[in-house]
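Every chain is named by a letter (A, B, C and D) in the order it is written, and numbering of its residues begins at 1.
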């Protein structure tokens, strides 16, 4: 008993004696990604992008007069509680200087409650408008908001494709809610009818009946709102098996190779959109894709890109601001400058939302998406 | 008794419950909490985590009222935890009530809901009870996902002030001390319950419902009492998670949470009054210090759990007891 | 000299700290029916369970047909010809009478027993052949349990309280059937509380008292002995 | 009317798939009293094994039995090292914890070895759909339903007719009695565990082409299977099949005519209603107060 108590005390002493960070240390950036659980694929893609960005920055001599970037990863496991735990651990234990966290909207919202007014937080991928609508001065978002993306895409769907009636199915998530709200608005201004909206739970195993029901409405367009690759593949296979719809669309920013490949051709011709496309890339983007492919043996996807950009932007802003922890200064620097990324010139508005110059309408072709149309964002 | 099919002991060994021992352990617990609180003073992350761990330990204790007390596996207990987390969140965000009022409402609601649920499910035992209670928590989760007052899939966040009286729970140290104090209070309550008539009735039921019936115990009523007792404790635990998570989402009612608490109780020892609390500490704090790839960590942790269960199906305390028995044998000089 | 089929020597069996049997020794010769007499809790059931291998043995030895079977598992002893008809029948309630008999795939090397042989022995089972065993009366279940034990073609049958809970008439029928087994060359070790009935069937007997053998002798000797009565009264 | 017929077809085919997942759960519970939370992980292993064997060059129809063998082999290894030691006769507490840990370990191992992204499981039936009188039937689904009915019927027949099958039922009804009958109870238990695991693997191999292979693919299916098993009565094979049919049709009808978002609650509501009327499930034998 005595021995055990002593051992416990010794362990405690070790915990307490964790040394504080020193000035010459590398700049630590906390990376919160889903590394296990159902969305671990996104975490893996994001990590490749982040590692590449850090390697490039360090190879070029680091930031703030030679300090290196060190990425500290924590797993959010695809659950809000774990996301919060990861952020807290990174902030208080690892004493990171910035947090890059944001794949799923609900989890990002939970995380942003912790980071608000305490640390620089960059959300690379989550889209829900509520995240940047909170008025957190040190919160930034690399991806477009759901409403920005959806407005362009939904306008394209209703005006360019002009279906008579749209049937919608999507998982009951915050992302889905935001997209649906926008769809109702845009469709309401047009002559297009919303035939039916089916919202399913994440535990749903089969979609045949939902699709049967949607088909029975006579809608000529199906629009699927789902961000999980495996389920996306499954849904499109089942839509195909029931004969498909004359027009088929999938929500913005959620169609990756990881969904198209397991769909085994069932997604061919599906219309979607994103802020990134590999096809026809030129300039910085082409070079980014080449480097990434060479280093990792696989082509980058949107997730790899936005996480790469997040690391680059954070490092760039710290360097320019001349500080790694004056968040007001770094945030002003972020808003007051234009950042060069593979996508082109990126700037941030008062809400911390990034504006990228281009938006692409995609059509699934083979094992990837092909370019259908390019929009310039005003 | 020995089970004839394998020759293995049929009943699980139960820890001693001599009152002296219990009181001593309680004092030790208080000392440990104080030492830990001041010791961790410099590390807000660990303090926050320790606060959350106290809440989780309370949940494990609540689960153990069913597990160690009745011998049932309440897979759906996360429902009460969820009610406890949602109630203060809704009270603060929708009604402008203070956190404490929300916590109290949550505990009352949990107890009120536990009664009809118990009436529905407690006629069942064993796997039937476990899986049906799991199903009910699934229904609760779907409900939280589809309602507006619960914030739907997004959940509720942005709470005004998480405080108990003058104690501001957003300060890690305060959060830890308040949570630890509540944990100790729950331990004291459960300790007294165990020694009461009701506690002895539960013990009789656990050993065999037929035996209990022959002793004149109304088995169903005592089982119902156990559920109604444990539900508000689970709700209290859920409420205590808010300062740590800062958000409530439907995911709070995931069965994984109950499984975690079951693991904590089983690893710490279901027969010991403080076993689940010890298990909770092992379970939440230990993985933070395993510096491994997250998937390797899951693999290692799962294998450790399996190893413990293979070596000591009654939990870690069985190993301690075996070691203690061997020691005392050695001291006496006779072979074990 | 007649072959010794079963030889139990200095057998000690315990559960945890409780010792249920202490240095028990007995023999059963080929073709013999031997009764174990004793009050409730004397260790009779434990003795049979230790012989068939259902319970582990603490010390001592069990020899059967010239080989040591101490600590052998019950499915192994069954293959050697030891068939155990347990206390409480332990039939399969959700299966038909037929299925209860048919699922035995052991041959113990004794005289062959077919389902027809069992039905001939217990005609009542024939009437209930297609019914679920759980719905049988206590006596019928006992017949089924004995029939199941015989389907393993044993050389030695261990019978645990076959007349427990049966009406006098049924109990006579069951014990009569056991007597008939002797004619087919099957030895039996019979545990009974019904002393009179048991001694009518048995050749010899042992008296078990709180885990020890206190008396042994021929059926006639035991019936006359005052010691037995004491054993039963548990004085 | 057409909608109703299509919905009923959907439900029947869905039910056949559920039955296959559920039957393994119920066999393992019936004979071993193990609540197998790792069932979904073995389901996933079945799909991954099929996929890897196909990549090695075998056609789908050959890959299915090979995959089932692989999964059974993994099941055997786990049974011999863990399940046999930790779980038999230890009640349901231990089994929930250990099988849950096994499940987590398998999912983590899949992510480490194969990666987290979903992968296609190629099947010759592909995306082809058969249109009969205006009703759509996917070829893969017809294959799943046919294979599942054939396997389940064969299994039921084997249980009823063969001595080993009868011994499995005997052990599930009365393990003590089986011991007294000279049945090698540990062997029968191992066999039951292997059969249950093999059924999970087979379900994964059959359903893989439809839902593609990903590490947590079994989770949602096993939740449904649990409702099916409880509805039918734990340990009852006929009950599992009936329960699968009820849940399959119920879900399909509810999704088509009532509400999609509340469907996951439907199975549980059915379960609770049935248990109120018949605590042992539709076809289960009374197991109350049995531990």
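Basically, contacts are C-beta pairs under 8 Å (C-beta built on N, C-alpha and C of every residue); 3 or more make two chains touch, one makes a residue touch a chain.
Keep in mind it's a predicted model, so treat the numbers as computed, not measured.
S.K.: Which chains, if any, touch chain A and chain B both?
M.R.: A chain counts here if it touches both chain A and chain B, which gives D.
S.K.: If you average the Cα atoms per chain, which one ends up farthest from chain B?
M.R.: Looking at centroid distances, C is the chain farthest away.
S.K.: Indicate, using Cα centroids, the chain positioned nearest the centre of all protein chains shown.
M.R.: When every chain is reduced to its C-alpha mean, the one closest to the whole-protein mean is D.
S.K.: Centre to centre, by mean C-alpha position, how many angstrom separate chain B and chain D?
M.R.: Centre separation, chain B to chain D: 31 Å.
S.K.: Quick one: report the Å distance separating chain A from chain C, using the average Cα coordinate of each chain.
M.R.: Whole-Å distance between the two chain centres: 74.
S.K.: Cα centroid separation between chain A and chain D, in whole Å?
M.R.: 35
S.K.: Just give me the whole-number Å value for how far the CA centre of chain C lies from that of chain D.
M.R.: Roughly 42 Å separates the two chain centres.
S.K.: Two or more other chains in contact with one residue: find those residues in chain B.
M.R.: Residues 4, 138, 142, 145-146, 293, 295, 298.
S.K.: Could you list the positions in chain C whose residues touch two or more of the other chains?
M.R.: Residue numbers touching two or more other chains: 54.
S.K.: For chain D, give me the residues that contact two or more of the other chains.
M.R.: 108, 111, 176, 179, 185, 223, 261, 264
S.K.: Going by the contact rule set out above, which residues of chain D touch chain B in the complex?
M.R.: It comes out as residues 29, 33, 35, 82, 85-86, 88-94, 96-98, 100-102, 104-105, 107-109, 111-112, 175-176, 179, 185, 223, 226-227, 229-230, 234, 261-262, 264-265, 267-269, 271-272, 275-276, 279, 281, 287-291.
S.K.: Give every residue of chain A touching chain D within the complex, in rising order.
M.R.: Interface residues on the chain A side: 36-38, 40-41, 43-44, 169, 172, 198-206, 208-210, 212-213, 216, 229-230, 233-234, 237-238, 240-243, 258-259, 261-266.
S.K.: Of all residues in chain B, which touch chain A in the complex?
M.R.: 35-36, 39-46, 48-49, 52, 138, 142, 145-146, 152-155, 157-158, 172, 241, 244-247, 249, 251-252, 254, 288, 293-295, 298
S.K.: Write out the stretch or stretches of chain B touching chain D in their complex.
M.R.: Against chain D, chain B makes touches at 3-6, 8, 10, 67, 71, 73, 75, 120-121, 123-128, 130-132, 134-136, 138-139, 142-143, 145-146, 209-210, 259, 262-263, 266, 270, 293, 295-296, 298-299, 301-303, 305-306, 309-310, 313.
S.K.: Residues of chain C touching chain D in their complex?
M.R.: Listed in rising order, the residues are 52, 54, 73-75, 78-79, 83-86, 89-95, 99, 102-106, 148-149, 152.
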